[in-house]
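Only one structure is covered here, and it is reproduced in the block below.
Lettered A, B, C and D in written order, each chain numbered from 1.
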Amino acid sequence: MKKIGVFVCWCGLNISSTVDVEKASEELKNYPGVFYADDYKYLCSDPGQELIKKTIVDNKLEGIVVAACSPNMHESTFRAAAEAAGLNPYRVEITNIREQASWVHSNKEDATAKAIQLIKSTVEKVKKSEDLFPQQIPLTKKVLVIGGGISGMTVALEVAEAGYPVILVEKEPQIGGNMAKLSETFPTLDCASCILTPKTAEVGRHSNITLMTNSEVIESTGYFGNFTVKVKRKPTFVDWKKCIGCMLCQEKCPKKTNSDFEHGMGKRKAISVAFPQAIPYRPIISEKECIYFKTGKCKICVKVCPVDCIEFEQEEKIIEENIGAIVVASGYDLLPKEELGEYGQGKYADVIDGMQFERIASASGPTEGVIKRPSDGKIPKSIVFIQCAGSRDNQKGRPYCSKICCMYTAKHAMLYKHQVHDGEATIFYMDIRAGGKGYEEFVQRAIEDDHVLYLRGRVARVYEEDGRLVVLGVDTLSGEQVRIEADLVVLATAVIPSIGAKALGQTLKVGTDTYGFFNEAHPKLKPVESMTKGVFLAGCAQAPRDIPETVSQATGAAAKVITMFSKNHLVSDPQVAKVNEKICVGCLLCKPICPYKAIEPEIVEVRVGCRAEKRQVATINKGLCQGCGACSVACRSGAMNLSGFSNEQILEELKSLCL
Amino acid sequence: MMNMTEKMLEQIRDLFEKKNIKLFIGFEKGFEKFSRIPAFAENYDEAKSMIIDEFETPLLAKYLIRELGEVGAGAVEKSERVGILTRGCDYLSIRRLVVDNIILRENLVIIGIPCNGLIDPKKANKLLGEEAQEITVDEKIVLAKGEIKSREINKEEILLDRCKKCIMSKVEESDILLEENMDDMEVSKDYSAVEEIEKLTTEERYEFWRRQFDRCIRCFACRDACTACNCRKCIFDITEPEMLEKTVATSEQFMFHFIRAFHVAGRCTACGECEKVCPVDIPLGLLNGKFKKDIELLFDVDEAGIPAEIEPLGEFKLDDPVEW
Amino acid sequence: MSVEFKPNIICFACNWCSYTGADMAGTSRMKYPATIRIIRVPCSGRVNPTFVMKAYQKGADGVLIAGCHPGDCHYNSGNYFAKRRFLLATRFMTFLGIDEKRLRMEWISAAEGVKFARVMREFSETISKLGPNLRAREEA
Amino acid sequence: MDKLLRSNVSRLLKKLSEHAEIYAPTMEDGVCVLSKLVNNYDDWTLDYVRTTNSVKDIFFPQNEEIMRYKNANNDLNIEPPKPFKERVAFGVRPCDAAAMLLLDNVFLEGEFYDSYYKERREKGALITIACEKPDQYCFCTSFHSSPGATEGSDIVLYPADDYFLVVAVTDKGKKLIKANAEIFENATEKSGIVENYKSMKTPIGNNCSPGELNEKLKNEFDNPYWKKIARRCLGCGNCTFVCPTCHCFAVCDVARGCDGKRTRTWDSCKFQDFFLMAGDHNPRPTQVERTRQRFMHKLNYFKEKYDKYQCVGCGRCVEKCPVGVHIADVITHMKEEL
């Protein structure tokens, strides 16, 4: 019978308020197999850990049960403490009597009874535990960054500077992401492309960074340190190596079409580059728009091209890369205004969203920076800005705050007032969230210096009446209804995950939350890591945030990658599957179950009685196996088992819970 | 049918002469009048007692596990080949072993024979009321003569249970085919027996199975006759972890029959041997039938009895049904 | 059913989604009856239907299996296999005469602490109404 | 000599049930099983040749609790099983009754006796019904018994048209008749009903009688015949568990947390791990040794120890073995060969 030590944690009042901790440790004292049982105020504190270590050494304990908070919190802490005291860390199990007992039950007697039963069942589990030793796995020191916006580029530059190769995949033909579309940035009003182009240029020419624009990740297999990723490079129909970027083709191309980059505010040619400072500064032919693709005629671009680099029959290419770590920086999109019924559902040309206003206000935009009405191109005399369009709105299923709209709407109003001094800028808001450095001062400047009118209240409806837009809202401070006629209405629509983020999540096997933002490993303590080891998160892919926060998070993610690459090999979790070769008959019912293809048949020599016999058995690639255990259910004779959550352990736990 | 036996003996002599096989497995007369028992011949003259006729025979595939699988490492490398007499249902069991990597197909010489339903002498005796001394079969009518009475019985009535819902009457692929099947056994899928139990209320169902399982004496004949049960060491013989206790209590019986039915779910070839060998006649076919019916219904498998490369529980579809 | 019947319910919670969801329910101090005992498993695909039968045999009155939403599984396909296994196992247990309301499978993600608490309350309520499970249960 | 009207049987069983549990052959889903009658005392049937489970089930049940233990904080207390109740087995066949004598040899003779079996035997009574119509599997006559034999029974009922002729064999039987005298009548006609049951022949007749087989079997240890029949044996426990004379059992502890019970259950020499020893050594690794052991024990070792063959010719193993590996086949073959 194993000598097991049980430690019940008070966790201050968190546990002891509804679980009688003393009674629990008292009752466990004479439970068969338990050699030592005690309770302590804060087990996760240093003195708490010392108590555990000392008890292990003094009594030569063979197993430890810590009844405290969730294993997701301190399992590694207590296992490290045990390891320091010479006990194999996988002989330590955690009973969750805080999040799953004291905090969720009010009746003290029930909660204590349940806690005691849970601890007893964990003691049974520890009795069946074994010594497990981590595996060493080789590591590919190359990172894949998905998304070429400011966060993706920051990660790429940081990791490249640290000397490791980077592959930057961007679905648009050029990098820069949403930031490249902005006019100025708050709170300093310095021009977005001025601070961005040095970064994009550096990324463009950095020797360690391989740029794969106009590409998407379509498949990712393997595990942390050894991913195999397939990237599909969509055809650009122009041979970018030969092209010298003279852009004659773009000039001469007869076909004009809506530019996605301009968000419908401007036009572009069928063959074009999105904006002048684009990196790589190479054109792309839009298959849908180009006349040659539709009718087979035209080919003007081929005629004018001095280096003959137009390739109409260019195919998409699938490139396979061995990757060590993946950083998801897929950025954000704005909630399409068509979804906002009360603001005209995109029917009115002069009701635009924040990004469209950025394009109008941007010097490299369609209006060269002059704020005009998209419908008739006149200078608007009065603009109404509507905050929280689609955000903080439970009916529409987006109760969260998009965080950046308060600041960029104040900036929009300020830019408008700088151009049209006598113009009226009115902002309907609920609460102004200006928490960053210099943010509040920026909003005050908009109110006091630029006389932007802030009306606290929500807008009920926006409709068109003889050529002008009517905005019906309420001013909750004065309690009156408000009716404003405006030439232009700008909606600060909600920030939503970029299109295709959910699909990317399923390809990379990284969970996304109900809104489609990627799930971080821990909201407070692991914001840049995803639940899947080796996959990191940066920027708005994880939640709406502004540029300073994005850059700091991206630098954090890069640091994580660099620390991962600083070691020559990785240490894998030993809680993986294990085959008992004496029992395995080699039927391989387990093989199709394994998502990581970690199970392969093998012919082994096994001694049976007095003769050796050749047998086919299943074998596990310990590096590939992630320990899900689905194969052990397919195994009829129980030959396939999962260390750490073995059949014996789960059965013992189950039996003692049912007593 | 007589010439079938001569044809078979010819083939066997030829196989032994050419040293193609080290062993041939067929049938010979048993202790009682119409019982046919497995026969093993390591040379031609041991095979002389083998016969082929229309009476019920146990499935031979199970013996391949011992003859080829464990001892001869036949699962792993080419070894001396074993000849086996095969009807459609035998072929399904052999395919079960091949798909489960218990034996290698090239270690087998399959001699396919036609079959249009076997007669169960026990059913004939029951209808006759005494032990039949003589049973003669022509086409659809069977004449059974006992010491006192004799009766003409419609062949359908005394067919073996598995023949009534025969999945494969022709041997799909064989090394030697003695004779082509005359006509196919057109048999439609019939889960009426399973549906009957499903119609009962939950209490009635539990009562029904409790009564059946209380009779079970845990002799494991069902496991030992089943080719889908081909583990090297059965989980019921493993004491650590003890999935099944030795005590024969009602809850243990439910555990035993649940685990066995679950282990062959989607892998059972509906050969009915388990039901046939059960000394207390528990309708085990219903248990496997229920799984087979659900698999065909839920995962649109057209015939779950024919072993697939990957068993139904070894794969999934994104649009599997969701409701419970 | 007499008031003081306290059902004994076993919940297999998958470590990445439902167990974290349970923790989320804990951190937001949601309440559910103390009749539920949670066993942590790496994935819902780890739960062997034999464990569920073993639970009934050893005295559980209800079993609940909580896993990630299809498509979100940390191991990519664990919950799909779990779904197939329990689609068959539930029907088979009902066929054997065990009340189908005593086994429930739910997809609960790491962020759905609210749903976790609600499902626990509902399930504990259903099982309390059903009373103790005497079928396929071990004699004392 | 007494007489018992068929119509009075249910009355007799009801009366006996006042202080004893009544076991009688009942039809369950087409299978005749010797099972306990709880309240319906005319649930018994007579159209059966033999019950699937023998009367061994009552005195040496498949599953028996030997003791219980409780281990509350390190002091162990042991509870013996509850005392057994009186039991009356009605509708037993003469071959099963004879089998009980063989079990008595094993469990009661010699220096040590099996207390559980002894108590059950003392508190049990066998009311046998002579066989009217033995079937093709019976060969009790080969073991100098007969469809009308009385060995092992307390009372034997000989069926005649609407009544049974009652023969009390043991004083327990006599006491039982005296205690329920009002149900029995005294029989006038003695027209040799008993004799013709005793002289009735079974279809197999005597050609399965072993005679001096045990001497010959002594040096048949590696006769190729064992390999031949063992090759078709599936290794299930069917024949051993339906056999009324097989008595091997396994004792195991079933723990439930800190308490538990020790149980005794039947075990079969045909199982793979029956002879498995510590250290994974198995003296009988393949089916050949096990099959040989089963028949050598019945026809050789038992005879040498108790001077009786361990078979009563009930025919269950002949009927139930799916592949025809049974004692009738062995005896007939060995008699020819040796």
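The definition used in the following text is that a contact is a pair of C-beta atoms (placed from the backbone, for glycine too) under 8 Å apart; a residue touches a chain by one contact, two chains touch by 3 or more.
Just so it is clear, the model here is predicted, and its values are computed rather than measured.
Among the remaining chains, the Cα-based centre furthest from that of chain D is the centre of A.
Between the chain pairs B-C and A-C, more C-beta pairs are in contact across A-C. Work out the mean CA point of chain B and of chain C, and you get 37 Å between them. Each chain gets a centre from the mean of its Cα atoms; for chain A and chain C, those two points are 30 Å apart. Centres computed as Cα averages put chain C at a distance of 47 Å from chain D.
Per-chain CA centroids place chain A at a distance of 55 Å from chain B.
Each of residues 49, 54, 77, 81, 85 in chain C touches at least two other chains.
Annotation for chain B: residues touching 2 or more other chains are 233-234, 243, 249, 313.
Those residues of chain A in touch with two or more other chains are numbered 593, 634, 647, 651, 655, 659. The touching residues of chain A, counted against chain D in their complex, run 30, 32, 609, 655-656, 659.
Against chain B, in their complex, chain D makes its touches with residues 28-31, 33, 52-53, 62-63, 135-137, 203, 228, 231-232, 234-238, 240-242, 250, 252, 254, 263, 265-268, 271-273, 287, 318, 320, 322-324, 326, 328-329, 332. Listed in rising order, the residues of chain C touching chain A in the complex are 6, 8, 10, 15-17, 19-20, 22-23, 25-27, 29-34, 37-43, 45-49, 51, 54-55, 58-60, 68, 71-78, 81-82, 85, 109-112, 117.
For chain A in complex with chain B, the residues that touch the partner chain are 582-589, 591-593, 601, 603, 613-616, 634, 636-638, 647-648, 651. The touching residues of chain A, counted against chain C in their complex, run 70-72, 96, 98-101, 103-107, 110-111, 113-114, 117-118, 121, 506, 509, 511-514, 519, 531-532, 575, 593, 595-596, 626-630, 632-634, 642, 645, 647, 650-651, 653-655, 657-659.
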